[in-house]
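Naming follows writing order (A, B, C and D), and every chain is counted from residue 1.
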Amino acid sequence: MRRMNNGSTNILEIENLTTTLRIPGGKVSVVEGISFNVKAGEKLVIVGESGSGKSMTINSILQMVPDSLIDSYKGIIKIDGENILEMSKRKFKDIRGKKISLVAQNAMTSLDPSYKIGKQVMEIYRHNHKKASKEEAKKETLILLDKMGIKNPEHVFHSYPHELSGGLRQRVVIAMALTGNPKLIIADEPTSALDPTLQLQILDLLNEINQKFGTSILMITHDFGVVSYFADRVIVMYAGEILEMGTVDEVINYPLHPYTKGLLKCIPDLSWLDKEDKIEKRKLSSISGEVPNLAKKLTGCRFAPRVSDIPEDYHESSPKMHKITDTHWVRCTCYQYYLKDSIAGLEGVK
Amino acid sequence: MTEPLLEVKNLTKIYGQKKNLLRSGNQVLAVNNVSFTVNKGETFGIVGESGSGKTTIGRMIMQLVNHTNGDILYKGQKYSEFTKESAERFKSKVQIIFQDSGSAFNPRKTIGSQIAYPLLKKIKDRKAVLDEVIKFIEMVGLSKEMAYRYPHELSGGQRQRAGIARALILKPELLVLDEPVSALDVSVKSQIINLLENLQKKYNLTYIFIAHNLDLVAYFCDRIAVMYHGEIKEVGSTKQIYQFPHNPITKKLLSSILTLDGRYKVSN
Amino acid sequence: MPLYLIKRMISMLYVLIGVTIIVFLMIHLIPGDTAQTLLGGEATKASLDALRHKMGLDQPLIIQYFIWIKQVITGNLGYSYSLHINISHLLFPRFLNTLVLTIASLLLSILIGVGLGFFSGLKKNTVIDKILSALSVFGASMPVFWIALMLMWLFAIQLRLLPVSGMYNLRGNGGFADLLMHLILPTIATSLVSIAVISQMTRNVVSDVVNKDYINYYQSFGLSHYQLNMKHILRNSLPPVINIIGLQVGYILGGALFSEIVFNWPGVGLAIYTAINSKDYPMIQAGVLFIALSFVLVNFVVDILNIVVNPKLRDSNK
Amino acid sequence: MYTNIRWRKFGKYLVKDKMASIGIAIIMVTIITAIFAPLLAPYNPNEASDTATRLAMPFTSGHILGTDSQGRDILSRLIYGSRTSILSATIPVIISGVISIILGIVAGFSKKIGGFIMRIMDVLFAFPSVLLAVVIAAILGPGLFNVCLAMVIVRIPYMTRVVYTDTVQEMQKEYIEAASAFGRTKFEIMFKELLPNVLPSLIVYATTLMGVTVVTIAGLSFIGLGIQPPTADWGLMASNGKNVLVQGDPYVTLFPGLAILILAVAFSMLGDWLRDLLDPTKK
């Protein structure tokens, strides 16, 4: 299969998306005013802690928030140029699986325990290819399982989900997501339930799919290690908002938002292992406080209550996204506090 | 200089029952002939993937699970030779912190009462117990109102702090930390790790840290045992293991660590 | 033969032994002397002893049990005091009549109960679900004998749409249509409680399955509702629903007792009722044994069905 | 302080759930009626009054609900009948509940004893519950006490299984391990840790069973194994009406049956409400 070259087209465009849920005694916006694109062939990772709204973002894109919970979606979600929020349910059904599909988080619970693997993959395959005969579907399924790096596809085909290891199950789930040759795969923490060595294998597999088929991947994770290993670009979410967005290099090496900085410092530093004995390991820093409860009305900068080292006047009352470079954006002007020194340095040169 | 606190010798655990007429043998060798020593004041890491037997070792040290073969010695005394008094003393000197703080507390009792009951067995004065409970709750960074809350009313991080308070209230010497932070968010995770570090210094605690994420182990532990399929593949100081791993399993585990600069580079 | 089949058969065997012991002891726990009851108050001691010896009542209890078991296995259920006939001659045809009523009731409760429950579970918390749930609370609390009487009064006595009682019209030709007409009211009365209970429990099972990850995941591929409901939700609700139905067989057997009494349906229940009134203990014993044995058999079938439809159970029983 | 919160939660739930308040009201009314039956009943329940006609229609000749085939006032008999109903519904269930919670927790806690206890229960499960009640009542002979005793035995396997399943489930949670790690004895784990966690669902189940028991005991009376005439009992009254029903008079059966149904539904509604009230995660 050929590698797609038109890197500039957007598979997914999200503009000003706000997702509101109904909760006992009111409404709550779990995603508020987020905008981002996923380009063709790109690997974009959304990183955030629990309650950041990252899961709700992908549930909004897939329209999978349960009817009993959803109050409204506002904004635009364009998949391949078409706004799905203005689309009929029937039409959106045709897009699911074919243009966009999901790799579920927990492969253990995401496969139907009552059917054999082959039957399940074939069912989705035949759903996406209505004209395919049973024999064709079986052939394609086996090919697909083989492509997923499954050593014995025949055996897996005839196995029940509980008979497989976690890694194999995750590969099956990825195969299901690929049955319709989608342009975009949304991966919901696909490796967080796996052991580190398996995590690496699955990430490599997704990388390979991205390389070979040119499939764009939108992944969510809570692990910056995964971000640095896998992503082209990264979005940092917190309390339903995007706080920072940029290429992996920009966000990891030049983080601007205090939250991003804090998160990065929470990751243990391993470089002391290579150094001389005398060099002490860097103390693990942490962010004080906890993620805010969205059910309570939040005003102003949602992260401000957890920052102590930035003077009040650097906080905006209602922070907006500020453009730093073409790709690097950050919410709130507090980043200027950190830039202060370097800016002063630059002015000195002038 | 180093004084062994806990010694594990040829420890073996077999789960399940023997094969008979109606039962196909479903015996599992969870831990196979494992030996190591934990020194006073150090943090000893046991790492391995799920199913490697690391959790079972923790449970056996706590006497929550009986071992099939081998010996565990606490301060030179064999578990199997504990008298009633030494067993009682041992119970207050070795404590555990569980992975899932959500199920480690009885959902129908207040946090405070659950922290209090190990102490209530020793001290009859309820007022003194309450003071002590409040002291420990505040020491782990919770407000004292939390004592009157039910477990589901606390966040995961808060519950894990409460778990630490419960483990510390009898002033133990050895704490078994069974993946204490793996269910927590990144920012909360480092809060708990920092708390554990501070408490270790304050009370001169010895930790056995059971984990599967090797980056945290590298940061937190002085010495490490790498487990695989019930066996210890390698034991050594953190630096030794991370810089000069010998066993292919160790190498494989290390090379799966994802750091901010990509994969961890293992020297051959 | 698969191992699980052998395992279940062994566990059924000990339940059977337990059941027969209880049923056997029943007659020995009843206050009063069997021989005395049979011969009446004026019997001489000699004639009582003679009868006791003849019936084996002077043997140790354990020997009596084995003698009784041997008789039961050979189809000899003893002799009725009140009707003066061989019990097995009376009870076997009666048992078939009870089977007709219970199977009809079971089919009705499965059809309506599972149907309504499945529908309610899919539409959880809608108005129609709430109405059905409220109705099922009433259905589940219904005294069977009372609703049987009320149905009889309304449809048979007031409206004269259906026969009052019995299995066949005495002056009719006794055809299948006649049987069906006689079957309607007892079946409804017997199955009403089970319909309600099955639908309540099926609803809970289905609404649980609807929230499973894999249903959500399948939904993300845009599968049609029909495909999801029929292929995945129904299939995965099946094992617990089969259990529920198995339990309900017990209630239906119990409920049939009352329906048979009210509608004069010539089944085992009616036989037990008549026997209770005439203190015909061997008859009660035999009737109870019949019903208990069939319930044990049903439970065995349910167990096996459960393993067959549940791949995980199948493996753990290998 | 805590009881205060509990009571507030209690009140809040009651106001919110209309069905539950109706259920509680019905049960309260039945209890009050049972206590003050002599004051409330317009006639002697067991004697036909001089002026009474037999099988009077409702609202005729001073009999609000009519009279039965012996000319006894149905309303008065219903009022007196509430006594046996409420007693026979609650007391056997409470007694078997206490027995079951001990059996169930011990069985769930210890595999060895558990296997033995649950095997005995399996045998009892082989009898449909109504049939088991019939057998026991037939052995013991009729009468209120014997019927209640039969109900105690019949309910034990069901309630024990509920406790047992819950206990086995709770045993797998880490707080049980934690309790033993922090020095709880076996007895304390069973009755201080497990008990508060398995009791709520048993209470809910027991409440629902009380409704079922009302119906079952009425059924036993109907067969002639329960409460004996001339005691005023709802099941017995409905049974007496059977003969006149064929003649076209449904009222003698209708009213006692309705009373049984309504009381049973009330217990069932109370059970549903308790399920929510006792859930610690709901505020």
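In the analysis below, a residue touches a chain if its C-beta (ideal position, glycine included) is under 8 Å from a C-beta of that chain, and two chains touch if they have at least 3 such contacts.
If you want to know which protein each chain is, UniProt gives these names: B = ATP-binding cassette domain-containing protein; C, D = ABC transporter permease.
Note that the structure is predicted; figures quoted are calculated from it, not measured.
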item	value
Intersection of contact partners for chain B and chain C	A, D
Intersection of contact partners for chain A and chain D	B, C
Most heavily contacting chain pair (counted by C-beta pairs in contact)	C-D
Rounded Å distance between chain C and chain D, as computed from the means of their C-alpha atoms	22
Chain A-chain B separation of Cα centroids, rounded to whole Å	32
Computed distance of Cα centres, chain C from chain A, in Å	55
Whole-Å gap between the CA centroids of chain B and chain D	49
Per-residue overlap in chain C, given as positions that touch at least 2 other chains	none
Set of chain A residues in contact with two or more other chains	none
Interface hub residues of chain B, defined as touching at least two other chains	none
Interfacial residue positions of chain D with respect to chain B in the complex	1-2, 173-175, 177-184, 193, 196-197, 280-281
Interface residues, chain A side, partner chain C - complex	62, 64, 68, 92-97, 101-102, 104, 106, 109-115, 123-124, 127-128, 160, 162-163, 173, 176, 180
Sites on chain C touched by chain A in the complex	125, 212-214, 216-224, 227, 231-232, 235-236, 238, 309-312, 315
Chain D residues touching chain C - in the complex, by the definition given at the top	19, 119-120, 122-123, 125-131, 134-135, 138-139, 141, 211-212, 215, 218-219, 222-225, 235, 238-239, 241-242, 245-246, 248, 250, 253-254, 257, 260-261, 264-265, 267-269, 272
Chain D contact footprint on chain C (complex, rising order)	11, 14-16, 18-19, 22-23, 26, 29-31, 134, 137-138, 140-147, 149-150, 152-153, 157-158, 164, 249-251, 253-255, 257-258, 261-262, 272-273, 276-277, 281, 284, 288, 291-292, 295-296, 299
